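Naming follows writing order (A, B and C), and every chain is counted from residue 1.
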Amino acid sequence: MNILTLLKPVPNPEHENEIQIDVSSGRVIREGIPQVIDAESRNALEAALQLRDKSGQGLVAVLAMAPESASDKLTEALAMGADEAYLLSDKAFGGADTYATSRTLAAAVRKIEDVKAAPFDLILAGTSSSDGGTSHVPVQTAEWLGRTHISNVCSIEAADGVVRAVKRSEEVMLTFEGEEPAVIAVTRDINKPRFVTAMGIIKARKKPLTLWSAEDLRIDPQHIGLEGSPTKPGRLLAFEQNRAGEELGLTAEEAAEKILQIVRKAGV
Amino acid sequence: MKANDIRKVLILDQGNPVAGQLLQKAAEVFGTDGVQYVVLKAHRTHNLVLTMMEETIREEAPELVLLGATALGEEVAPALGVRLGTGVAAHCVDIKANEEGRLTFMIPAIGGRAVGEIFIPEAKAGRPAIATVKPGIFPQPADAAFAEEIPGYKVIDVDTMVADGKLDPGEKVQGGFRMTEIVPRERSAGSITGADIILCGGYGLGSEDVWQKLETLAQRLGGAAACTRAALDAEWGCEEDSMIGTSGKAVQPKVYIGFGISGAAHHLCGITGADTIININNDKDAEVFAASDFKGVFDAEQILDTLLEMTE
Amino acid sequence: MDYNFTAEQEMLREAFAQFAKEEIAPFAAKWDEEDHVPMDIVPKLGEMGIMGVFIPEQYGGAGLGHVERCIALEEIARYSAGLAMMVFTHHLGAAAILDYGTEEQKQKWLPGMCDGSCVCGLAVTEPGGGSDVAGIKTEATLDDGVWTINGRKCFITNSHCAGVTVVTCRTGEDEKGRPLMSTIAIEAGTEGFKPGREENKMGLKGSYTGELIMDQVKVPEENTVGAAGKGMPITMKELGEVGRASMAAIELGILRACLEDAVKFAKERILYGKPISKLQAIQFQIAEIRCDYEAARLMLYNAASMKDAGKVGAEFSMAKYFTSEAAVRSAKRLMELMGGYGFVNEYPAGRYLRDAIGCIPSCGTSEIQKMIIAGETLKKF
């Protein structure tokens, strides 16, 4: 099976509190926050590696749109076991919303598939990233490519061109069947991603990592970045909070007593 | 687009209460005078809902489309965005006209540390602005029949059309994924939606042991245990179903008690509907305190231990 | 001059750290409390590439250097210095086979040592003493291509779990009557070769330390690692470089544990309505621990990169000396900073102190290191 995984580098969520926001200027200071591969992207890559290995043939490619400094995250994906990596990096991609991002990713998918002269059997991605968390990009990439898609998938089987995926919704688990090529966005409970190993890192040295700019993709400049985005960001505001913040008490006992009072008063 | 350019709003009713919340909110913001509200009722799989939404938008030409940010809505909304060539604002915590009268979507931004304004300037009839909203972000209408009083209210009922044999889903959706099985989800007791009291744990709990204390206390108080995304990621045994925030649920308990929660907007926008918010955090400057009716600068575990002793 | 890890080393460190956090951290306290040796983790360490991190790819290793090996040990020791002792001793024995063994020996033993199916050991110390290598009494005699070995080793790490142990034996005398040593590999299960007493240690639990008894043990001459009679320089070189580097790395892991725990505790512990990290007295303690950690880190990785570049002098001795003393100091500071919490076993501060003290004698006490450092210094300056 040939599978492409969409990979999203994100600021390490463990360092979220270190991100500084200057609300007056709307400036966001992210300096020094380490990047990691988004958790659900990792699950998607793990699923791809398992499907490839189970089918006994084919390759796993990874694709990301990110600043060039994120190339070590793609190397990490190669160290996990992916076979080749593509990084879309260009100042012109900056400010893209999910519409322009997915359009750019789709253009890259077409370019890779042109070279290989065959579509990927599957494109996998994480459903929702820890930073943006819109769940849009996998679906929109699929739509640009005219492929069928499912998000929130917690189990995938694929054999003989048929994919069976279990989608989790709020109340039910839905099993779907469809034909390749398809785009599937997974959730974190689909698997436990493998560790990167020392041998994997050594092997990654010899695997191809391709860097593409907007020009390489031959994509209309009006279709990318902020300009290609139908949503435009406005001001950044502090989350408005105006509750009293009254002290519960000076000692733990006082505080606990007060909590129980509030609970009783609410009649629950 | 200006908010008062909106003449027609399309809302997806996917068989849960969020459609009523969206309708009431939209009617408040855009008024009912000369504004039409079309509700598409379709409690179906995403392929059919997507096709029906696309057709309806082309026929009805709304300027604004609202969907609940559920597993279904989150799949349909972005697909519609590409198909119609328009923008989608995800997980809005507010929809309003700003000072200039522009249609403004407020969404959690920057890892949930702030709220950002989003505009969809090119939106127009037939190429609508699309927005998703978590269930529970906007209040539930007190009277379900309120919609009937809106003069421009109309329902397109796909579910009935399918049931009456007037619409063949197989014909509507060719190719793509077919649903072969549907089973109710197994879930542990104490669902957080509808709970009157919620004890929520953040990353500051620090360990699985403390999380278990929180669960025990929640049980004793007859409430539900919830978590933040950071706590879920820590894998202490919290469940994704119990996560509050933009990527989880929005809740409206009578009492919410947070333990070790820093106060990311991603999380806070899921608790705005709580009557009383209490937070325990050992950092006296924790952002969460600004969103709390009561606060305690203590170690989460210390308060949990004390409460467990008192409720024994 | 660049004191940072390369991007690849950083990725490796993150990978090992992630592994340690998930597979070691949750169990480390239990291993210590129950004095349990977690043999089931060894194949996982093999899979991660830690067991054979410095062994060339052709023998199943990752083919990396000693900087990477020290990174692995630091990350393991961050949570369990005891387990790191097992891994370090394994590296020590495997290094002797890699550096001095025959091609046949390497092909026979190294792949298993890389994948974690075979733990390696190195046995030098005897009841008569440790650092006095020349006083070794275990004797091997060669007869018709077969060594017959008799003797007893003590305080041997991996004594009860090693599949192959490289044993230093007295095999003759030179023309001046000084003892000649040979290093001979003995496989577990060889008749007459068995572990004896297992020590009940104060710290570094999570690894075996005990006796090895050799009673008429017969192994083929092909098991000689390096040239017969050269056992002394072989042993001294591996202990001096791989051994001391490892001990410094393990102590560095303990130091980092002290540092991270001190910061975490100081931020979380509330006294008089504010975290104790706001108190200057606490800040001074943290500053001391931080300086010790940073200095130790630079000394160790500098020495390891010198070794990878081909030449290292007394730098490992300096790193080992400084780091072991700094680890003990920092663990003690952590205990003081934590007050009563430092003393209860619910928190790991006490374990760090026990482990740090336990590290001092391994591969030479501080006094031995100072002798080596002084020896080189008096020549050099």
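We adopt the following convention: a residue touches a chain if its C-beta (ideal position, glycine included) is under 8 Å from a C-beta of that chain, and two chains touch if they have at least 3 such contacts.
Keep in mind that what you see is a predicted model, and the values were worked out from it rather than measured.
Every chain gets a centre from its CA atoms, and the centre nearest the mean of all protein CA atoms is that of A. For the pairs B-C and A-B, the larger set of C-beta contacts lies at A-B. Our note on geometry: chain A versus chain C, Cα centroid distance of 40 Å, whole angstroms. Chain geometry summary: the mean Cα position of chain B and that of chain C are 54 Å apart. With each centre defined as the average position of its C-alpha atoms, the distance from chain A to chain B rounds to 20 Å. Among all residues of chain C, those that touch two or more other chains are 273. Contacts with at least two other chains are made by residues 298 of chain B.
If you check the complex, the residues on chain C that touch chain A are 7-8, 10-12, 14-15, 18-19, 22, 47-50, 53, 57, 62-64, 68, 72, 273.
Looking at the complex, you find that chain A touches chain C at residues 72, 75-76, 79, 195-202, 205, 250. The residues of chain B lying in touch with chain A in their complex are 16, 45-47, 70-72, 74-75, 77-79, 81-83, 85-91, 98, 104, 106, 108-123, 175-185, 196-197, 221-223, 229-230, 233, 240, 246-247, 254-255, 257, 262, 264-266, 268-269, 275-278, 280, 287, 289-296, 298, 302-303, 306-307, 310-311.
Those residues of chain A lying in contact with chain B across their complex are 11, 13-14, 16-17, 19, 21, 23, 28, 39, 97-99, 102, 128, 130-131, 133-137, 139-140, 142-144, 148-152, 163-165, 167-179, 182, 187-189, 229-249, 252-253, 255-260, 262-263, 266-268. Those residues of chain B whose C-beta lies close enough to touch chain C in the complex are 206, 282-284, 297-299.
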